[in-house]
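In order of appearance the chains are A, B and C, and numbering begins at 1 in each one.
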Amino acid sequence: MNILVFTKRVAATQEEELRITGEGQAVDLSKVPFKVNDWDNYCVEEAVRIVDKAGGSVTAISIGDAESDEVLRRAIAMGAKDGFLVETGEVLHDPFVRGELIRGFIDKEKVPFDIIFTGVQAEDDQFGAVGGVLGGIMGLPYASMVIGIDAVEKDHVVVRRELEGGLQEKVKVAIPCVLSIQSGINEPRYVSIMGIRKASKVERKVFKASEYEKGAPKIELTKWVYPPKKGGATMLDGELAEVCGQLLGILKEKGVYQ
Amino acid sequence: MSYALIVAEVRRGVFEERNLDSIGLGALLGTQAVLLVPDGAYEAGEKLVDAIVKVKAAEEVYLNPMNMGRMLETVFAARGKPDYILFTQSSSGMESAAYAAGLFGMPVITDVSGYDKEGGFFLKSYYSDKVFGQFKATGGPAILTVRSGSFREFAAEKPAAAAVDAMEGVSAVETRTFLEYVEEEKTDIDITKAEFLLSVGRGIGSQDEVAGYEELAGALKAVLSGSRPVIDKMWLPKARQVGTSGKTVKPKVYLAMGISGAFQHIAGMKDSDCIIAVNKDAGAPIFQYAHYGIVGDIHKVRDKIKELAKG
Amino acid sequence: MLEQAATRVLTCIQCGKCTGSCPESGRTPFNVRMLVRKKQFQAAVDEALPWYCTSCGACTIRCPRDVKPSEVIIELRSKLVEDGDIPVALQKALENTFVQKNPWGRSRNKRADWVEKIDFEVPHVSETQSKRLLFVCCIQAYDPRCMVIPVNVARLFHAGGLEFGILGEEEACCGNEIRRIGEAGLFEELEEENKAAFEEYGVKEIVALSPHCMNVLKKEYGDMGIKVVHYTELLAPLIEEGTIKLPGSFGKKVIYHDPCFLGKQNGIFDEPRSILRAVPGLDLLEFSRSREVSLCCEGGGGRMFFEVEATYQRNAEVRVLDAVDRGAEIIATACPFCVMTLEDPATEKGLAVKELSEILMEVL
């Protein structure tokens, strides 16, 4: 069982105040720390658990700058056999371009695989589309929001997809396939600093993204803007019944109450 | 004829309310709005769009992204390619939208929460809504997934009901098949998986009041959780604790009642999509982190919501 | 380190003084003597057990054979950490510390935000003559309840004419709890980073606000050639000499709780008491378990970051009930973790918990 796991190094912006530079040209990430994309961490853990049981190996692949080596070392520390860096200094916003690049890389380097894991989304752009786009481009069966992998056989997997409101659906997907993994599928092991240091001894091969066909972008990011001003909590005022009615309205809008 | 194809999300016979946002954006886009639905008996926005295509397919077939690809092909063959294909920002919407984009080589922009007609761009959130990117599709039909709650106010009734077209079903793929639905387990509560948490704090006063909040949670279909003092006193089991030393949660809605907002608690829930705080103290720190706030007697608010929810 | 612990456990005679002084024994399944025994035989240990330890240090202080049971616990934890098998909440705290240099995961860029509450300039330590560094501490930099402490101490030092500077965003978590959680690699990284900053700016003296920070900087960062003190050690003489005057009055019954890392582990008992006695009107009470035998509040050893499995009456509550029995109105202490763990049960019983600087600010 060969599982390819795509893992991304992302800016940890949860606690930061972000500044847009110039006339909306860029977001200043110079003082922001970076970390592994949470979803990809779940992917690596899940893949390692599967090959531990079914045999095979996990290959971690990252598309990004040289610093992305960090997430490959982490994947290796968790149990991946290999780490490949497809190096590019460019930020690729378009999931299409990423998907094409991945397909180009896999084809040209003849990377064997049975299953490709991507995270449901990346914490930075939250596009949530690379897995699906890749599946479509490669003509492979696809399932996203995978919250549980119940069975792994030679020619298919049985997975549970997370739907809304706590509901799940069980689907059977033929192998080879692409799966987008949802956070919470497992409890990833902790990776210690010493573990990451040990992983540095395993070679991470570097490839240049420019060597692979990735096609022209289909979407264009023209400008960055701040969200509309929101200062503190919006206080709901009025009579008790009115206020409670408003609250129910908010719950309905958020889709958690009918 | 230019049109926007709105792929409806229908799950277990329910035409999801989120579809209204797709319909709303469709209206803003200014083209003809054509709604694609699986054939079935439900209210399906007949007066909100120009045409409805009812495809003869079982829901599970329709919701399969590979089959959706085949259905879209049939639509294109019959009506030509649309300018836009809109999906809901949801588990199935995201899946099918991305897959279709790959299949047909179309641009895709997800989680669209704004549209500027003049500028011709869509707003897409980055870094959890801290900034937004203005995106344009560079050509051909563009696939969009539409953020829930963003455009439904633009869904307007048309003078006449939509023309309804029946469409033949497609042969379903065998490489992915639906097996069954799995309901949420009611026994082992994992609050980290809940979409909607009703969280109570020391402010509820006594163990006797817990039952009242349990009822409220039931009425709202929320999962009950609590802050550390409530767990320490054993008014709720440990599995329900939200906070640094309990669980970190990111539900769609976090309704905090009687929780002051101690740092350790905030750390466990600050990334929730929507935080609503109810507290009798207007100065409670939680209001700094909440999106909505109510200053008042929490028991009274609890009882009133229960009353309204039942009505 | 592995070898050291191995030879140390072999000297253990199973006398049980460790378990006898442990704040966790009897109320939780934790039994440190038994864990040392298991280590002697390299036997398997229930992986939930090592996490009960609060790092109070009582066992190591009392051991007649210098087995250092606290280090044995750290050893056991290290193995679990390397296997990746640790409570999720602890994982979060460690990962946060790795990314943002504080276990709460708050933005590193906001570490000096507390300075905004001060009306005089707090310089970077490099800009001071004395090169006296005020080491702020993670919880005091970020937690709204504890942020008053650095603000107060800064004002007190200013009133006493004591020059100091800070590192601001360059300060990283001291690593005291990190090392005790068993993440040796992460501790090394924090230590390296902080030491590099100390060296770069020619720091000569470090004044720590938290006894935890003081402990690790003084005893576990190696010989830096830098004097490390707790702020009470500088403040007490300033008050005694009258350099800082306390004109106000504080007519309350105040009971002092000795923090483990300040008291039993570092022998600082008198300075906080001297400070409290200097407050006009203050009636200073003592717990029977005070000074070396002070009851651990259970805030250390990583316990601030996760919940253990057992449900039992917390030491903090026992301590508060004791304070009530003795007629105290306020529990005073000199450690932010003690403040946090004592405050909840105290508030319920109608008692207030005050860090020393908070009392001083009321009479300054």
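In the analysis below, contacts are C-beta pairs under 8 Å (C-beta built on N, C-alpha and C of every residue); 3 or more make two chains touch, one makes a residue touch a chain.
Keep in mind the model is a prediction, meaning the values are calculated, not measured.
*Asks:* According to the touch definition, list the chains common to the neighbour sets of subunit A and subunit B.
*Replies:* The shared contacts of subunit A and subunit B, listed by label, come to C.
*Asks:* Could you name the chain whose CA centroid falls nearest to the centroid of all protein CA atoms?
*Replies:* When every chain is reduced to its C-alpha mean, the one closest to the whole-protein mean is A.
*Asks:* By mean C-alpha coordinates, which chain is most distant from subunit A?
*Replies:* C
*Asks:* Tell me, please, which two chains come out on top when C-beta pairs in contact are counted per chain pair.
*Replies:* The chain pair with the largest number of C-beta contacts is A-B.
*Asks:* Between subunit A and subunit B, what is the separation of their C-alpha centroids in Å?
*Replies:* Measuring from centre to centre gives 20 Å for this pair.
*Asks:* Starting from the mean Cα coordinates of subunit A and subunit C, work out the distance between those two points in Å.
*Replies:* Each chain reduced to its C-alpha mean, subunit A and subunit C end up 38 Å apart.
*Asks:* Return the distance between the CA-based centres of subunit B and subunit C, expressed in whole Å.
*Replies:* 45
*Asks:* Where in subunit A do residues touch at least two different other chains?
*Replies:* Residues 14, 16-17.
*Asks:* If I count partner chains per residue in subunit B, which residues reach a count of at least 2?
*Replies:* Correct list: empty.
*Asks:* Which parts of subunit C, given as residue numbers and ranges, touch two or more other chains?
*Replies:* 88, 105
*Asks:* Touching subunit A in the complex: which residues of subunit B?
*Replies:* On the subunit B side, the touching residues are 11, 17-18, 65-66, 69, 90-92, 94-111, 121, 123, 125-140, 142, 148-149, 173-184, 192-196, 220-222, 252-253, 271, 273-274, 276-277, 287-296, 300-301, 304-305, 308-309.
*Asks:* Which of the residues in subunit A end up touching subunit C in this complex?
*Replies:* Residue list for subunit A touching subunit C: 12, 14-17, 31, 33-35, 78, 187-197.
*Asks:* Give the list of subunit A residues in touch with subunit B in this complex.
*Replies:* The contact residues of subunit A facing subunit B are 11, 13-14, 16-18, 20, 24, 27, 93-96, 99, 123-139, 141-145, 158, 160-174, 177, 180, 184, 216-227, 230, 232-236, 240-241, 243-245, 247-248, 250-258.
*Asks:* So in the complex, which bits of subunit C are touching subunit B?
*Replies:* Subunit C residues touching subunit B: 88-89, 92-93, 104-105, 142-145, 303-307, 311, 314, 340, 344, 348.
*Asks:* Write out the stretch or stretches of subunit C touching subunit A in their complex.
*Replies:* Per the touch definition, subunit C meets subunit A at residues 81-86, 88, 90-91, 94-95, 98-100, 105-110, 183-186, 188-189.
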